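Chain IDs A, B, C, D, E and F follow the sequence of writing; residue 1 opens each chain.
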């Protein structure tokens, strides 16, 4: 009965991509640890780039500089 | 000073229901563990059904099938 | 399919108390939101008092002063 | 490589304030623990006042009373 | 720069299994979302079976019954 | 009433260092957002290096290579 929380920046992940992520991580827990997929939770949080910091700076700024 | 985080799918919980949930879980911590309600935090996260997986599939799909 | 995370200080909660907490919060989600208990997760984290701060100070210190 | 999650009520924190918070907490981890800022994550969650409880009541109500 | 938190019950996962889980979920984020593995965090929490509830009961009890 | 969760690898942080971290982050929330320190929670999680992955590999391995 694993619980998985995945946080990514909110930058346009599609429902199809999130579906593939949910399926993939659930299968990975079956393959590596023998967990039961029926009681595996996966929760994806999409976080605004103003609210995510890396290296002491908001991702909003990092994205502008890398363009 | 407990901290409680409750994650539910975003499917129309009302402010009244969330108020009852906050009151109930705070009281439960008083009754079972003798905790001080004044310093008890309860945070409710409502998660889009595309972003919640169970059994390797998004809840959005599970809800369609169960209709 | 709710997910509940409860963080408390590690100060001697017994298995019986944690069992009552798990049962109580699961029932509360049935009563207030109509959730399915069979797919409700409750995870309790017990945190050392050195690692929990309130009012800018570790609980270890707060406990000593309140004795 | 620390990970920091800060939850605050959604009550108008500006991008500038969140930027200062990200910079400050990253520097604090350098100063107190010698951590590498380049691999420090900071994630800020802004939570609706209906979804945050203190003392068994939603912050929405507490704010109304304190006005 | 995704962040992944995986919670499992503490029931003997080996360092090799956890290594495979870390490698697998990091690769999955590359494959499904094009994320940069160099800034992907994976944190595994192993939770005592007394502290994990499913269906309103501690996993400790569920395990005894399923033996 | 902010809530802050700081996750670091378990590599010998002292009680004094954690105390400084708790004091510092609480003060930072006063300075940047005007938050009330009396209702600010800080929780520090120390995570085994086998259980923390960066770049798809456990920190245990990364530490060995960097020696």
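Going forward, a contact is a pair of C-beta atoms (placed from the backbone, for glycine too) under 8 Å apart; a residue touches a chain by one contact, two chains touch by 3 or more.
This is a predicted model, so every value here is computed, not measured.
Common partners of chain A and chain F, by the touch rule above, are B, C, D, E. The chain pair with more C-beta contacts between its two chains, of B-D and D-F, is D-F.
Among the remaining chains, the Cα-based centre furthest from that of chain D is the centre of E. Rotating chain A by 180 degrees superposes its CA atoms on those of chain E, with the angle stated to the nearest 5. Chain centres computed from CA atoms place A at the largest separation from chain C. Rounded to whole angstrom, the centroid-to-centroid distance between chain A and chain C, based on C-alpha atoms, equals 26 Å.
Centroids of chain A and chain D (each the mean of its C-alpha atoms) stand 20 Å apart.
Within chain A, residues 1, 3, 7, 25, 39, 41, 43, 52, 54 each touch two or more of the remaining chains. Pairs of chains in mutual contact: A-B, A-C, A-D, A-E, B-C, B-D, B-F, C-E, C-F, D-E, D-F, E-F. In the complex of the two chains, the chain D residues touching chain F come out as 1-9, 13, 17, 20-21, 24-25, 28-29, 31-33, 35, 39, 52, 54, 59.
Taken in their complex, chain A has these residues touching chain C: 1, 3, 39, 41, 43. By the touch criterion given at the top, residues 15, 18-19, 22-23, 25-27, 37-46 of chain B touch chain D in their complex. Those residues of chain B that touch chain A in the complex are listed here as 7, 47, 50-58, 60-61.
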